[in-house]
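Both of the next two complexes hold chain A, though its partner changes from chain B to chain C.
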Partner chain A sequence: MSTPMLKVAVLVAPAIHPVSGRPCTHPADSAALALGLKLAGSSERLTVLYAGAAADEALAGYLAQGASCVTVLPTAEDADIAPLLAAQIADAELVLCGTRAGGGQGSALLPYQLAEELEAPLLPDALSVAIKGGSVEIEQFLPKGQRRSLAAALPVVVTVHERATPALPYSHARKEAGKVRRLMPVAAKAAEWRYEPGGRRARPLVAASRASGHERMLGAIAADDGKTTGLVVKQGDPVEKAQVLLDYLRDHQLVDF
Partner chain B sequence: MYNDRPIPRIDPRRPYVIGPSGLKRIVLGESVGSREPLLAGHAHSQQKPQRSAGPFAKRSLVVIHTDRGALDEAARETLAAAAIMASADTEVLVVLFGAQAEALGDAAALAGADRVLCVEDPGYAPERKLALLAQLWKQEAPQQVCFPDRGADADLGRRFACRQRLAMASDVIEVVAGHEVRRLAPGGRFAVRDIPPVLLLARKVADARLPFRGAGVAMPDLKLPVAQERIRDLGSRSCPASQLALEEADLIVSAGNGVQDTAGLRQLAETMGAAVGASRVAVDDGRFTRDKQVGATGKTVQASAYLAFGISGAVQHLQGIKECRHVIAVNLDASAPIVKRADLTLVEDCQALIAALNKLLAAERSARPVTENTR
Partner chain C sequence: MTFTLAYALTGLFWLGAALLSLGLVRRAALWRQGRAAPVALGRLITIPKRYFVDLHHVVARDPFIAKAHVAVAGGAVAVLALAALNYGLMLYLPALDALMLLAALLMLAGAMLVRARRKAPPARLSKGAWNRLPKSLLLFSIGGALAALLALSGDAFGTAAQGLALLALAGLALGGAELALGIGLGGPMKHAVAGLLHLAFHPRQDRFSGDKRSTDLKPLDLAAKDYGVEKPSDFAWNRLLSFDACVQCGKCEAACPAYAAGQPLNPKKLIQDMVTGMAAGSGPAYAGNPHPGQAGKVRQGDPHQPIVGGLLDPETLWSCTTCRACVEECPMLIEHVDTVVSLRRHVTLTRGEVPGKGREALANLRDTDTVGGYPLAARYHWAIDLNVPVLLPGEHTDWLLMAGEGAFDMRYQRALRALVKVLKAAGLKVAVLGEVEPDCGDLARRLGDEATFQQLAGKMMDTLGRYRFNRIVTPDPHLFHCLKNEYPVLGGRYDVEHHSQVLADLLERGAVPLKADAAPLPATTYHDPCYLGRYNGETDAPRRVFKGIGIKVVEMERSGRKGRCCGWGGGASFTDIPGERRIPDMRMDDIRATGAEQVAVACPNCTAMLEGVVGPRPEVVELAELVAARLAV
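So, the complex of A and B:
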């Protein structure tokens, strides 16, 4: 099945539960972990890594989902962790991340930074990952039911879509047996974000209008932004109307037959 | 009392304009407009003023993957955000992947672009696109590079920021021009920073209705530069629509109370490769399962084309199809509310039309050589 001796690194981060605010696992990271377990074959060749300031309990969910050991690189919260993580996983041939974290910034940027640091290609949004000889082939999730196959030579960074594989079922026994291994704390450059409490709606950018009140009124009643009714076809028999419908779909390239 | 003021006389042929609903509008004190009904067509699609006439000293770059050559709402909002942020001496230069200048017309200018560069889109080619952007970054020295934060643009934007080692902000939902950007971080907090050079803008970051337009100078269409790709694109396929969640479908055939022939409708969906949706009445009737319901209490769909058969278009239903790009209605009643929303309405009996469509598609299929079907 998979090539023997493939070294796999899985990056996980605790998510913030949207309702309770408590730390929990993130579906995309869990899917990455499940794929990593399958591809690495044995736990010696699998590194599960986290960098940050979360407590051990926050990572326990990943132990329960099959990671026998989570390695923690303690850093300050909100540090620039890409170079640190890249140094840790420099010898991995396959790096699996979730598409987007549910904690920290959650900006789906870290995998791109890692790929750049490791000079490895990045395969985004994988639904399945297959190792074929020295290369990796993924099926990429695209919106609107599209799927795309991409391939690249090892080593690669893959981001895993949350629908890829169901996570291993939560097991209390695995959680008790697994351990969290802490490395030496490292200092890192802080990121440039400040935080503000949310809870209000974001204000969209609106262009300042130089129009007079009268002009704006005119715009509101007769401008072209109010959508006009489309074409209404009343004449003809059903067959002609069916042809009109098909022509419309084809003219706007909405169907490919 | 006797009123000796002159009787106010109303000119029965006062100038008027035709509003979007087709009604005559008379605005008191207004002297423009038409007195002739036949000439009144679009009295008010008058030209918007240009945002800035130049000369331009600075530049702001917007990069967009078009949707089959057209600008979608996310693209328009990103362009609008760049145009609103731009000062009078800043030019908005837009790179459109997969668009052609002549097919695009002045859509980009109306969306706020001052200069338009159309580039071919060969599919997944991050290295070649990055090479082009690196070239533009050097040549044009933009102050800012904006991408819509969705799909292919989100991917390219992150790659660009990491490759050029530029600070970036993703999922930006609020921009305070000249000052700072805001995004929603997990845990319901806002994350704030000063404006970085690369911006990935989320939906609703700006109001796409602009009171001005851009200059819209079209540059000659461009081919991508040559670069070594490290990722091979092995081609894409679309999932069979029947396996697809309704929210993900690109083409939906939807049935309302007017559809009795559900077997015919299912067959139509099958041949068109479309997903099946339904209105609440059709679901309550037991003709479709609950997971097919579209609308306020059902699913919100994002199809490019939504075919509504025998659906009246109640607000609760229309809520579910707000994001659909093309709506086609088939209804016996030409004054049903769906007609206002629809881009094309066919006034016809559903059963007859479904049967006709099925027959038409079957005839085309059998007329075509078999090889074409095995894609």
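So, the complex of A and C:
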């Protein structure tokens, strides 16, 4: 399936574990890595790149998940990394990264900046990626189970949804065999971020009905004693009974035919 | 005539000896495919003691077969020794012939017993070549007896002597072939030679040294990239030898909870799979029960090919609860759990392919130091109103209470609270570590993740090293086992007790203020945790606790060292390999069979597994809860 000699770059960054606060892998970056490994076919044609200030150990999880080498572009914490990354991966035909990283400078804006720098199209939120000749086709994640197909000619930047592909399982041996290669630190201008406190957005849930749980239960079930609103059908042949069921399901929009 | 027979016997003896030696050389070449092992040749002198004490100790649990084996093996060894002396060295002394006659008759009696057992064999026994064995034994003993008789009788048989001599020779040759060729061709009698050598070169030499049970897993040298066993040739040579000792008695199969639950693991077949791998081939001669659900599957083994995926399904590996019931029962002292864990280590460390929730649990352990991914600060939330001091560096306490992972389980928190109440009522000075207590690494280790285990163990030892305490008490047998038996080689030595031991002592010293007898107690049975009973030999302390609070325990058939696993051990509840039944359901049936209204447990994991059994069932209560219910305050 993978076109021979496709050059793939995967961007990763350590995330902060939500419980322990320790550096760990981010599921979207891990999914991008797994896709990259599959599409590149061999580790020589795969560049795994990180730009930022994290320590080598923080990247070990990606080695354990199959990256044979993670290249680190050491930068200051607040550096604007898009142009630096773009320069580093200018010859890659396919750039994969998580939709957003779990830490560092890999905000959800980064892929767009990167695509702009590379003058390449961006296909966001991919669940699967297929290479067809000179173009890339993705299945895009949309909320509520919806999906959409997108395609673009290579070279392309694709952001990967965390449910795209399960990461390769964590392997201690891979972690030990993998390497972190540090490039020369580069000076970069600081990113123009403005920090402001986020407002709390409370979204009160509105109950569909004010009746108590017990009342709603009685409304939903059926019994012979007539105390409940449900219906007990005893008359009629099986087809008629089935019709009652079907009507009920249609009424409640549980089937749409 | 007699002399011709004598010469023939001499010839036969040396022929047999030569064949046996050649066979041994041939088989040894298979063992030597394995890695080097640090055992000295001098261990050979330990064989008699280990045979008569350690091995016989296990065999004697089945008195019938013990008697039969003593008669057959004792008789055979005596016949062979006398034949070596009298015919091998060409002494031809009638006195030795008389002794040989007696020995042969003893062996004959034993062989009859063995044959009787084989008439209606229990399902766990292998058939095939093993069904031939009683006949070979009979032939050999009759041949031996006849030969000795002829040698003693002079010319008394007249013309019949020649025919009888031929018969004797034929019996000896046919029966003896079983022994002489067994080791070389991998027949049933290979167990005699391999079994004795296995006793000498056993991979766990500490099994034979005194009182301590040798149940700890040995650390891997990860820095040297030792990632466990992938191919048969990755086993140490004495492990390969140990597989050849198996007599296919199926004692392990009958004891295995995973097998009984219909999960695809039969420990006997597992050991035979290893033999197939070592000797290369497809193991067609195996005539015992298969791994459940895998009847008729033929698999190729090769000493230099990966075991998992070829010879073994990964599901077989992940079904094991590491309960050690098989090891406890094995008359040949074979170590199944070591085998399973060595194979798991390679899968986990190199490919990480742990099934079910195992992967998630390992990731949690790496990222949060807890199995369930909980914040460490929450470990002692249940104790917030109990006034248990959190130990600070520089302070000192008599007892350090370590709750383990059970502290995050709301059901088990009740037991922990009960324990604290009892310890306090008894006036013990107890403290906890609070949020600095990491996981001990038990689960990671049993799932084969030695790297995470060693990392957690290091963290735990660092932490404990910063605090001052006399002794550790824990209600978690897994934590107890790790601290007590598996940390010492890594450099951590602690005085650690299981809460049942502490409670038993307190009750016996009268240190716990108890109410006068209240209402009559419901009938109670006790479920032994594997990691307390079999791993640490502690079956007594919990029972002393029951005695101390006036509970008479109705014992289950499988209890004490023969207890049946609850199904949690070895991470089996995480890998969750499907079978026909669930192990905890079977255990609950054992409990129901006693008619007890409640079952006492002494482990957070047993508690969770048995509480998880649905439908009407006996109540599950923790040991500490039973004691707390009798407190006078």
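Basically, the second predicted complex is superposed on the first by the 188 of 257 C-alpha atoms of A that agree within 3 Å, B and C clash if a C-alpha of one lies under 4 Å from a C-alpha of the other, contacts with A are read in each partner's own complex, and residues count from 1 in each chain.
Operating definition for what follows: a residue touches a chain if its C-beta (ideal position, glycine included) is under 8 Å from a C-beta of that chain, and two chains touch if they have at least 3 such contacts.
All values derive from a computational prediction rather than experimental measurement.
Once chain A of one complex is fitted onto chain A of the other, the partner contacts of A:C24 are limited to chain C, with no touch recorded for chain B.
Looking at the shared chain after the overlay, A:S171 reaches chain C, while chain B stays out of its contact range.
Contact with neither chain B nor chain C is seen for A:G133 once the two complexes are overlaid on the shared chain. Which of chain B and chain C touches more residues of chain A: that partner is B. By the document's definition of touching, neither partner reaches A:G213: not chain B, not chain C.
Shared interface residues of chain A (contacting chain B in one complex, chain C in the other): none. The touching residues of chain B, counted against chain A in their complex, run 17-22, 25, 27, 30, 43-45, 49, 68, 80-81, 83-85, 124, 151, 154-155, 158-159, 161-163, 167-168, 170-171, 173-175, 177, 182-194, 204-207, 209-212, 230-239, 241, 244, 248-251, 272-273, 302-305, 307, 326-328, 330, 334, 339-349, 352-353, 355-357, 359-361, 364. Residues 15-16, 18, 21, 101-109, 112-113, 115-116, 121-124, 137, 142-153, 192-199, 202-207, 209-211, 217-218, 221-234, 238-239, 241-246, 248-249, 252-255, 257 of chain A are the ones that touch chain B when the two sit in their complex. Chain C meets chain A in the complex at residues 222, 225, 227, 348-354, 359, 362-363, 366-369, 373-376, 449-452.
Contact residues of chain A toward chain C in the complex are 17, 19-20, 22, 24, 64, 168-174, 176.
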